[in-house]
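Here come two complexes built around chain A, the first alongside chain B, the second alongside chain C.
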Partner chain A sequence: MASVTLPVAARAAAPITPSGAIAKRLLSLVVVHGILLAGAIFMLLPFVWMLITSIKPPAEIFTAQISLWPKQFYGVENYSFALSQAPLLRFALNGVILCAGILVVQLLVAIPCAYALAKLRFPGRNLLFVLVLLGLCIPVQVPAMPLYIALAELGLLNTYFAMMVPFFLSVFAIFLFRQFFRSFPDDIIHAARLDGMSEFEIVWRIVTPSAWPAIAAFSVFSAVAHWNDLYWPLIVISDAKLAPPPLGMMFFADAETGSNYGALTAAATVLTAPLVIAFLIARRRFIDGITMTGVK
Partner chain B sequence: MATVDLTSIAKSFGPTKVLGGVDLSIADGEFLTLVGPSGCGKSTLIRIIAGLEAQDSGGVAIGGASVDHLRAHERRVAMVFQSYALYPHMTVGANIGLPLTMSRMTLRQRLPLLRLLSRQRREILRGIEADVGAVAAQLQLEHLLDRRPAQLSGGQRQRVALGRAMVRSPDVFLMDEPLSNLDAKLRVHMRTELAELHKRLGATFIYVTHDQIEAMTMSDRVAMMDAGDVLQLGTPSELYERPASIKVAQFIGSPAINLLPATLAGSGRIELFGRPLSLAVNGTAGASITLGIRAEALSLAQGEPGQGGRAWFSARLRRKENLGSEYILHFDLAGRDAPGVTTRATAATAATVNETAEVALTFDETACHVFDVGGERLEPRNGGAVSSVVPLRA
Partner chain C sequence: MTMTAIPAFGTPPRSRRRLWIEQITGASFALPALALLILTILLPLAVLLYLSLTNYEFGAISADWVGLANFSKALADPIIRRSVINTLIYVAIVVPGGVFGALLIAILVHGRRRTRSLYEVIYFLPVTSTLIAMATVWQFLLHPALGPVNAMLKWLGFGEIAFLSEPSTALATLAVIGIWQLLGFNMILFLAGLSAIPRDLYEASEIDGCSNGIDRFLTITWPLLGPTTMFVIVTTMITAFKIFDTVAVMTRGGPMGRTEVLLYNIYLEGFQYFHTGYAAALSFIFLAFILVFSVAQTFTLDRKVHY
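Let's look at the complex of A and B:
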């Protein structure tokens, strides 16, 4: 038998001492956390500034020096002014109706579409999927004009429906769910067919319950996008009673406050809070959904 | 209870031919195993029987009636999958009961909210619960009915999958490698359990596996498949004792059969390593053939090699494998153009050989299998076990 020589690992240049190892680890921890901290500050600062401004008196807002805490606490005045002068709760309710309506229809449409694209074999499936991907590339501004004209002709401007209708079909949702469903085991679908389930029942009773992480993730995307959307409501809504939060803020800024930034930021805080709270509650699911690898 | 008849089933996926015209008749209550290497088309065939795939041509009949126009759940077949395919978000009880829910309730009774309007629903539910309980009792699953599949061990999931198949009391059970995901010990146990279940239910079982031991131990008949064709159909002992081709001989049996190159001398006499044997087949002189010798037919020669006219050749030990009850000995055929051979030996015999010296291996010529250059079986002219196996594919 021929003798085999194994390669010998090169000896380490210097022996590793316990204290040296600890120092090395500490250094890398400090560097990593420093970078992350800088990023966090960069992203959070606007929100912090909004919160601080909302409790400052008008005189302090425009002083030259930067202060992180007001000398005179003016929060009560700002918030009560915002809440009394603008129908903030109405704006928030409009936002909820808008987001919920869009999300429900998006899910009802996108889940069966995604299932068909992921699991059914039919001629033209790949072409359809390519069209879905192309749909991802079309910005909402492109079909805005024809949609506006159609809604105006039908007399549907200034309705909730007009605000929702362009977003009912979400190609992003179809794409996301299709990727998720692809990893769903074929054998379970086969078993369900053998047990006598129709394709619709398979979609809703077997596949959808396993897709909760994806649905939660998409719900957050969808709700954030439409809660914060100003562009489309600005086009189809002129009635302040129907305005969702950003449009309401705009009406509020124009009509009531002029340059009362304390009250404006107080209103902005009130309208941003629901989303932040909802995200904090659902963040676990959200992260699962983005980093999903499918059912185990 | 039902027979299953397949007539020239063919299937291709694009340019890849998966099944090339398979004919099979399975008797009522038979346990038939489809065995073969992976990619041989056995899983596709069972899916076609189930109605989960459509064949390109040919027909499937169950109980004498064609089922080609029926959808999967209308064929009165149940299937057990390798991955168990349990519904992950449902309890064990709901998993087993689902086929009954689907067949006994109307769509309205199954819909959320609307189902509350139905009066008969409770009665049906009670009936389903009773049937699920009966099946669970047979499989010792009663204490697990409220668990979810993720909380079960592999063997328990396997049982739940069986229960879901049994609860519909189907005519035909289709099993697609149901034991492959179990550990070795549990697999041996489940083999016995499945065989007993088959006896108790009396239903027709079609069982797919790539494990020749499962095929040999459980089946009434075995269909050995390769590259989309049935190479041989017969009882396990027919496949073992009279393999119709070299592929069947290689696949069935562990350790694998020893294959030695040999040539035909004049009048069909076989010559192994230049030494003539008493074995003869029909064929032209000079043709090369392959001699197949099972490990148990090959043994260490006692005393002088060639004593009593027994055939022999020399070999050198490479490795001993201790199986506890016996040894498997691996030999090199030094200087010959042939792969090594294996034999079975008792511990006492194994102790007498070592790697240093060549030994003589002797074998019983009547236990040899002869294959021509194309791998087909050649019948010895004098002797050899005679039975009436006809290879399906010439």
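Let's look at the complex of A and C:
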């Protein structure tokens, strides 16, 4: 904990007792990095083990001898077996379609509504906002059963639409964007109106671009949530061709009955990679996005 | 963007026509959201309420009104009681571990300069990874005979532990995986909170005689992080209470029902056994718990999100 103010402490203490301060500083550095590295190993162990196992031959996996590096490189076999046994790339593509479809509708619905709540006076505005706040408290698992029955009655199970529809409305997006839009200067909106711009143009051409950080943050949050969601797809999808990554992984693990760890970890790698790579590329966006949205 | 150049002359007088247009646009902008709100939240909730008062089973032609029988059955059902208790035990492990672990890591990471972003990435990695895929890897890691964790334990002279099939350790093991998954998320929230604390406060405290780290933590960091900590605790509670994925993939409620959790039982009753009416009542019990946490969240969220 000393590390928080280490620069200050070091600056203040250094001139008085140089050797003592250096020893103290070294000790605290060792302790701090010791804790952080131990935690980092705990965090990384599954990823490292996944990658190593995915390139090991069965003989080296099914042995009590634990080795960090395979003696025989078996990656090609494991990955090609995994890719031939299950449509892993299709699962990933389904994930992309699912996330993109949900996000586009969420933005199209939430942005005008948030603008109306933030800047326009219309009857029922306060009631709508109360409903939005109420909606924030209701997880999708609660309305899941009536939604499932309705989709089954309509013959829409096993469709992309069924997978997306409960998430088209993001009350959280409305809440977040309303907060953002409220601080948008009224004068600019009035000026735009005087210029003859319609409210529709004002929303999409003036207010929305100004809220770019909030939109980017929400997009990251939405994509991470729906790429990884299992509960709802598990309910409405039984056709493996439509499965998003988590459900696809579950189908694959069931079919493999958990025995072929080389192929299982290869599949896990393929399905985890897209989002992890996206995160590594757009690191700051992800972290800022989580900081801003802050809600799971 | 020429309009930015136009001098602002306050609010122009609102004519009747202007007001009317504003009302129409406002209502029409809100309409799609309102329609979806009704179709995907309010109406399903009303239907759920109705179902919970019947003995409807999905696929059946008719259903009888049973009043509150489903609720009294749920409250007396030993399996449901066990699953609520298991869920709460899980929450009771994940919340302190996930919140205070994240706070410790955030404080340590916050003091780093060159290695800060490296640690951020490492700790955040599990948040973006697909939990179902990683659950398979965890299963292998914890495998009694083949996994490296047990190899390590044996090397250290301990006995072999079948983490996931041993009734006494299964739930705690899932909780550790839960902590692994959300620690980085909470760390990022705490880091944001820490960056908001002005540096000169620490320098001032130095002058006032707070010389060691623990003093500084107790007098400045902890009180100023109060709202962040509250918020993180509440969101962690909600996330933990919704545990489903790892149970569905790794243990399926076993061994001997030790990892049966509320949401998993709702899933089984509603979508596997199709005891729709009963599952509807269970959903309301689930919602009641979430609401208690969420009310607290809405209050903290309102205070936290301001720009």
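We take it that the second predicted complex is superposed on the first by the 209 of 296 C-alpha atoms of A that agree within 3 Å, B and C clash if a C-alpha of one lies under 4 Å from a C-alpha of the other, contacts with A are read in each partner's own complex, and residues count from 1 in each chain.
The rule is short, and it goes like this: a residue touches a chain if its C-beta (ideal position, glycine included) is under 8 Å from a C-beta of that chain, and two chains touch if they have at least 3 such contacts.
Every value quoted in this text rests on a predicted model; they were computed, and no experiment measured them.
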>> For A:Cys113 in the superposed arrangement: first (chain B), second (chain C), both or neither?
In response: second
> What is the contact status of A:Ile188 with respect to chain B (first) and chain C (second): first, second, both, or neither?
Replying inline: both
>> Touch test for A:Ile149: chain B only (first), chain C only (second), both, or neither?
In response: second
>> Going by the contact rule set out at the top, does A:Tyr160 touch chain B (first), chain C (second), both, or neither?
In response: neither
>> Quick check on the superposed pair: does A:Gly196 touch chain B, chain C, both, or neither? Answer first, second, both or neither.
In response: first
>> After the superposition on A, what does A:Phe251 contact: first (chain B), second (chain C), both or neither?
In response: neither
>> Quick one: is A:Pro46 in contact with chain B, with chain C, with both, or with neither? Answer first, second, both or neither.
In response: second
>> Under the stated touch criterion, name the partner, chain B or chain C, that contacts more residues in chain A.
In response: C
>> Under the contact rule defined above, give the chain A residues that sit at the interface with chain B and also at the interface with chain C.
In response: 185, 187-188, 190-192, 194-195, 197, 206, 295-296
> What does chain C use to touch chain A in their complex?
Replying inline: 1-4, 6, 8, 11-12, 19, 21-27, 29-30, 32-34, 36-37, 40-45, 47-48, 51, 58, 101, 104-105, 107-112, 115, 117, 119-134, 136-141, 145-146, 148, 151, 180, 182-185, 188-189, 191-192, 194, 199, 202-203, 206, 212-214, 216-217, 221, 231, 235, 238-239, 242, 244-245, 248-249, 263, 266-267, 270-271, 276, 279-280, 283-284, 286-287, 290-291, 294-295, 297-298, 301, 304-307
>> Which stretch or stretches of chain A touch chain C in the complex?
In response: 1-6, 8-9, 12, 32-33, 35-36, 39-40, 42-47, 49-50, 53, 61-64, 66, 108-110, 112-113, 115-117, 120-125, 128, 131-133, 135-139, 141-150, 152, 165-166, 168-169, 171, 174-176, 179-180, 183, 185-188, 190-192, 194-195, 197, 199-200, 203, 206, 224, 227-228, 230-231, 234-235, 245-247, 249-250, 253, 258, 261, 264-265, 267-269, 271-272, 275-276, 278-280, 283, 286-287, 290-291, 294-296
> Which chain A residues qualify as touching chain B in the complex?
Replying inline: 185, 187-188, 190-197, 201, 206, 209-210, 295-296
>> For the complex, give me every residue of chain B touching chain A.
In response: 47, 50-52, 71-73, 77-79, 81-89, 98-99, 102-103, 110, 150, 164
